[in-house]
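Across the two complexes that follow, subunit A remains constant while its partner is subunit B and subsequently subunit C.
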Partner chain A sequence: MITIDVQNVAKRYGQKVAVDDVSFEVRRGEIFSLLGPNGAGKTTIIRMILDIIKPDSGRIEVFGAPFSEATKQRIGYLPEERGLYKNVPLVELLSYLGTLKGMKRREAEQRAAQLLNELDLGAYKKGKVRELSRGMSQKVQFAATIIHRPELLIIDEPFAGLDPVNTEIIKNTIFRLRSEGATVVMSIHEMHQVEEMADRLLMIHQGRRVLYGEVDEVRQRYAENAVIVSGQGDWAALRGVTRVQPDETGRNITLYLDEQTTPEQIMAALASDPSYTVRSFARAVPRLNDIFIRVAGGEAKIAASALDAAEVRP
Partner chain B sequence: MRTLWLIFRFEVTRQFLRGGYALITFGVPILAIAAFFLIRALSGGDVEVSATRDRGNLPPGVNLPGASAISEDSPLAQARPMGFVDHSGLLSAAPLLIRFDSEAAAQEALRNGEISAFYVIAADYLQTGEVEAFFGRFNLGSLSDLPIWEALLSALVRQTDLSAAQLALLQARTLDIAPNALGDLAAQATENTNLLLAYVFAGLLLFTVFTTSGYLLQSLTEERENRAVEVLLSSLRPRDLLFGKFLAMNALALLQIAIWIGTALFLLSQAADLSPDLIGIAPSAEQVGVLALYFVLSYLFFGSIYAIIGALTTTLREGTQFSALIILPAMIPFYLATAFINTPNAPLPVILSLIPITAPLAMTLRAAITPVPLIEVLIGAALLGLSIVGCVWLAARLFRVNTLLSGRSPKLGDLLRLVRERA
Partner chain C sequence: MSWHKVWLIARREFWFNLRRRSFLASMFLFPVLFIGILVLGGALGSSSASDISSYTAVGLVDESGVVVRADGTPYLAEMPEPFRLYPAEIDAQRAFEAGELDGYYVLRADFLKTLKPEAYYRRDRVFGEALTRHLVREVLKPSVAAQVGDPNLAARLESPLGNQKLYRFGNPQPLSREALLAVVFAPILVSSLMFIMTMNVSQFLMTGLAEEKENRMMELFITSARPSEMLWGKLIGLGALSLLQIAVWIGIGIVFAATQGTDVLGTLASYQLDAGFLLVVAIYTMLGYALYGAIMAAIGASVNTDQEARQIAALVSIVGSLPLLFLVSFLLDPNGGAALVLSLLPFTSPSGMPLRMAVANVPSEHVLLGILLQVVTISAVMWLAAKIFRLGMLNYGKRLSLGELWRALREGRQQIISARQTEEAL
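This part shows the complex of A and B:
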């Protein structure tokens, strides 16, 4: 089941190309991450999905149909540029936003109170946004996004400005919503959160799609022929090892292999040679952060052409 | 409609919660009423019926009306005197009033400025209670029924064998005075009165627009200032947001004006025994209809202009600066007031009363001064109505595009592009 279907979408602002022929799909019930440097076009894509702005060309379907007013009531949106009415009591504020999403007033008030409790803001029900810290305001904003139990959650930088405790609260809420059947589209810069949370990703660079697929598959695709080991022994003496690279701590060592040698062969060699003590062994897979920097830092064209050939389609 | 209602209710509630609106809306009338009664108490406005009044043969149990005796040093005694002509034979003299033997003599004195007005007591006054008042040019201080009422009261009280009708006259709280204006003086009076009417309506319109436009501007720029707009646009259409705010803010503004006007009318009614009657301001039903129609249309037109300004600007401060560009041309008829007074149906006033931006003041001035041909009223109203629709549509369009967070106010050259832009 496809929740969002974006096909060949483009958008220009005057002479500037914001989005250039981008296509992707978001599957029902997954956490989909939208990545890209600042100004890459992520927010424009999100606004086009939400019909806040219209694409110049291309087609977008949400829940299997072109966007309509009824679609809005099934979506929760946390924008990057966010703010709320500062002088309205929280329950009243949240229930107003809930009623705009089609909820009945009493139902919205009850749900608002429940969410404030869940987000550890129960003591501030009668408080106003202006009386809250930035992190608290962020949580109220998140509550406003999910008050109507949306089927599709689109969140732009959900963890910006949050401390680790509140980040965990929001993260757990997102996981819970996903387990209840919601689809989540998340624009985010914290790459470790993407690795931990996302099922699939799309990376945009200068308005163009440069990475697209399952998170693990993308990381594997960028993996070099290398293994990471910890232990003791003369690593450079192993057959097929071309370079030895310890990390900053010195405990983990990356062994780069020649084209004829596989990680499995290295593992077998280490197991059969008692002069080596191995505490851990893993194939070297790059962190998303490294891939992001490589792609956004100048390898965009190469990556795009390579991935277009190797892309894993659903 | 549900969305519009939700926005309307939220905006209205929020304005009241802010306090500023409620303070101004209810505080100003409360202060005005308090000041009025304080001044009245200090100036001794409510004077007991004079103990020196001659009760004559007034039967026991018959109470005199609340009119008070006039002392020699009262403000009325200090004002330009009034006269009377008595055909009933009831009055030989009256305190503070100059007696004339004939209406001609009284008119002559009026023309010469010796008196500000005179009363004519009908020959059958005891049967009909009729008293006519004649005045020259309209002047708020020219008329008061207090002296003549005092005089008549004293005369009646001296009567013997009071009939039931005479008793009724004694107990009546007001005199049935028919106002009259005289000849060329009447023309002058009518002109002055109409001019006053024109300024009252035009001033009220401008006052209303200036005092209430801030609400709409503030409301329309608020979501961009607090950055809540994108959240709202994911739930509703920009035009719903704009319409909802437009309706809410205009309703609040009109409520405020209604309360203020109601207070003013109340105070005028309370001041009736101290201040003169507003005799002379007697607009025709047609005039009232045209003025009321243009008041509402003009208010909505300026509201829609402010909606455009609110859609274009990102802060209230910018909006206030922009609004001067609109208000200045709208005031053109005021600058040309002399032309309107002298030749209200000349081409220039007619044209200005048809152009939407100048029509509010131009048509108000014309309608207050002279009967305006119905066709011109209708054409002007239709153009104004179309302009309102067009401006609100444009505001919604600009609001949608410009809201999308360009982060700066557009320049004039950007406007055409914004209107055409696919948001």
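This part shows the complex of A and C:
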């Protein structure tokens, strides 16, 4: 079941190409991550999905149909440019925004109070945004986004400016919404959060799609022929190891292998040789952050053409 | 358009702004200040206008025969205070120089032609208006009346049309003269009311829009409601608030007038204002408010500061007041070209049509045509304002150029903001 279907969408502003022939789908009930460096075109794509701006060409469908006023009620949007009325009590503020999304007033008030409790803001129900810290305001903004229990949640940088405790609260709420059936699209910079949270991702660079697919599959695709071990022994003496690279702590060692050697062969060699003591062993999969830097930093064109040729779209 | 959302936004705007300290202050402090100034000014004015207690003795020399007969005896048996009659100017002058008088008046032989008494006084005891009026009321008029001999004749000479009565056709109750004035002044009041409302609302709008712009709330709203719903909601909510403010001012005014012994409601009832006329005035006022409110909202969304917005708003309001500048044309030729055009043109008809109706019988098809033109123009302006509003409100921290507005309207979509952001980002 497809929640968002974007096909061959393009957007130009004068001579500038903001989005260039981008296609992707967001499936119902998944957490979908939109990645890209600043100015890549992520916010333009989000605004086109939300019908704030129109694409020059291509087609966008949300919930199986072009965007309409009725679609608005089913979407919760946390914009990158955040803001709320500063002088209005929180429950009143949230319930007003809830009623604009089609909720009954009493229902919206109850839901607002419940959300504030869940987000650890129960003590501030009668407080105003101007009395809150930046992190707290951000949580109120998040509450405003989900107060009407949207089927589709589009959140732009949800963790920006949050401390680890509040990040965890928001993250858990997103997981809970997903488990309740909501689809989540998040534009995000924190790569480790993408690895931890997202089912699939789309990376945009200079308006073009450069990475798209399951998060694990993308990481595997960029994996080098290497393993990470910890323990003791003469790692360089192993057959097939071309380079030994300890990390900053010195405890984890990356062993780069030649083309003929597989990780399984290395594991078998270590198991059969008593001069090696192995505490941990894993195949080296690159962090998304490294892939992001590689792709955004120069490999974008290569990756894009390789992806087009391979047609990796699931 | 969802009128339920319009209602939600209107209700929110009304209650939120009603609780603003600045609004409460303007609602209650303004009339208090106004009344205070009125009372103080009145007290000062009346004391300076009628107080003659500081004069102890004022000489009067009559060479004209208005106050004194040819044989030298005055027409009045007793000269009112503080006046002292002197047979010749030299006598008054001596008394003055001796310090017995504050000064003296001389009615020269040609006084009946010039009607100007000469006054001589010390610099520290100036003869003001109050003393001159006292002279006329207490000495000159009674002296003339004594010469005529018949008090009734004297009264009629003073006010030849004093007892005539005016009636409105079909109503047996006599109409006061003030009522006629009221009918002519009603459109002027309506224009003033509309001016106050549009200025009031533009002020609330500016403050509210500036807050929403500053707080980056537009993207949140635009994914919840249409710009036109937001615009109508704001205009209705703030319009209601402005009406409340005006009602409170009027209420305070009526209570204050009652404490001064004036029955405002009774006086208004005696004006016998025509219900049809009042209905037309109400319709035109509401339509005028919607038209100018939409323009104000578009201005508010396009600029960055209250000051800029108010300057433009004041200019726009002048257009609405144009019929008042052509008041003479309306009074002299209410069905002539200028009055006809100004009463039909949508930007001037809110005050123009009531003004024309006040002084002439306007064909009902003209009234309906004016309303129709208003409705069509409001629809077009609302459409335009919603586009400008949407574009301007997303354009954080920047003023819209005319070129950008034109592009946005031509393309039918707001794209400039994103173009700018993208250019900056790229």
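The rule is short, and it goes like this: the second predicted complex is superposed on the first by the 310 of 314 C-alpha atoms of A that agree within 3 Å, B and C clash if a C-alpha of one lies under 4 Å from a C-alpha of the other, contacts with A are read in each partner's own complex, and residues count from 1 in each chain.
The working rule: a contact is a pair of C-beta atoms (placed from the backbone, for glycine too) under 8 Å apart; a residue touches a chain by one contact, two chains touch by 3 or more.
If you're wondering where the values come from, they're calculated on a predicted model, not measured in any experiment.
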Review point. Should the pairing of subunit B and subunit C on subunit A count as a clash or a fit in the superposition?
Key: clash
Check your understanding: Looking at the overlay, does A:38 come into contact with subunit B only (first), subunit C only (second), both, or neither?
Key -> second
Practice item. Go through the superposed model and pick first if A:18 touches only subunit B, second if only subunit C, both, or neither. Key: second
Check your understanding: A:97 contacts which: subunit B (first), subunit C (second), both, neither?
Key -> both
Check your understanding: Should A:72 be classified as contacting the first partner (subunit B), the second (subunit C), both, or neither?
Key -> both
Review point. What is the contact status of A:83 with respect to subunit B (first) and subunit C (second): first, second, both, or neither?
Key: both
Exercise for review: Examine A:53 and indicate which partner it touches, taking first as subunit B and second as subunit C; both and neither are also allowed.
Suggested key: both
Check your understanding: After the overlay on chain A, which stretch of subunit B ends up in the same space as subunit C: 59-67, 149-157, 167-175 or 257-265?
Key -> 257-265
Review point. Both subunit B and subunit C touch subunit A; at which residues?
Key: 47, 50, 52-54, 69, 72, 75, 77, 79, 81-86, 88, 96-97, 99-101, 144
**Study point:** Sites on subunit A touched by subunit B in the complex
**Key:** 47, 50, 52-54, 56, 69, 72-73, 75, 77-79, 81-88, 96-97, 99-101, 141, 144-145
**Study point:** Contacting residues of subunit A [partner subunit C, same complex]
**Key:** 13-14, 16, 18, 38-39, 41, 43-44, 47, 50, 52-54, 69, 72, 75, 77, 79, 81-86, 88, 96-97, 99-101, 144
Point to revise | Residue numbers on subunit C that touch subunit A, as the complex places them | key: 2, 5, 8-9, 12, 16, 211-212, 214-217, 219-226, 394, 396, 413-415, 418-419, 421-426
Check your understanding: Along subunit B, where are the residues that touch subunit A in the complex?
Key -> 3, 6, 10, 14, 17-18, 222, 226-228, 230-237, 404-405, 422-423
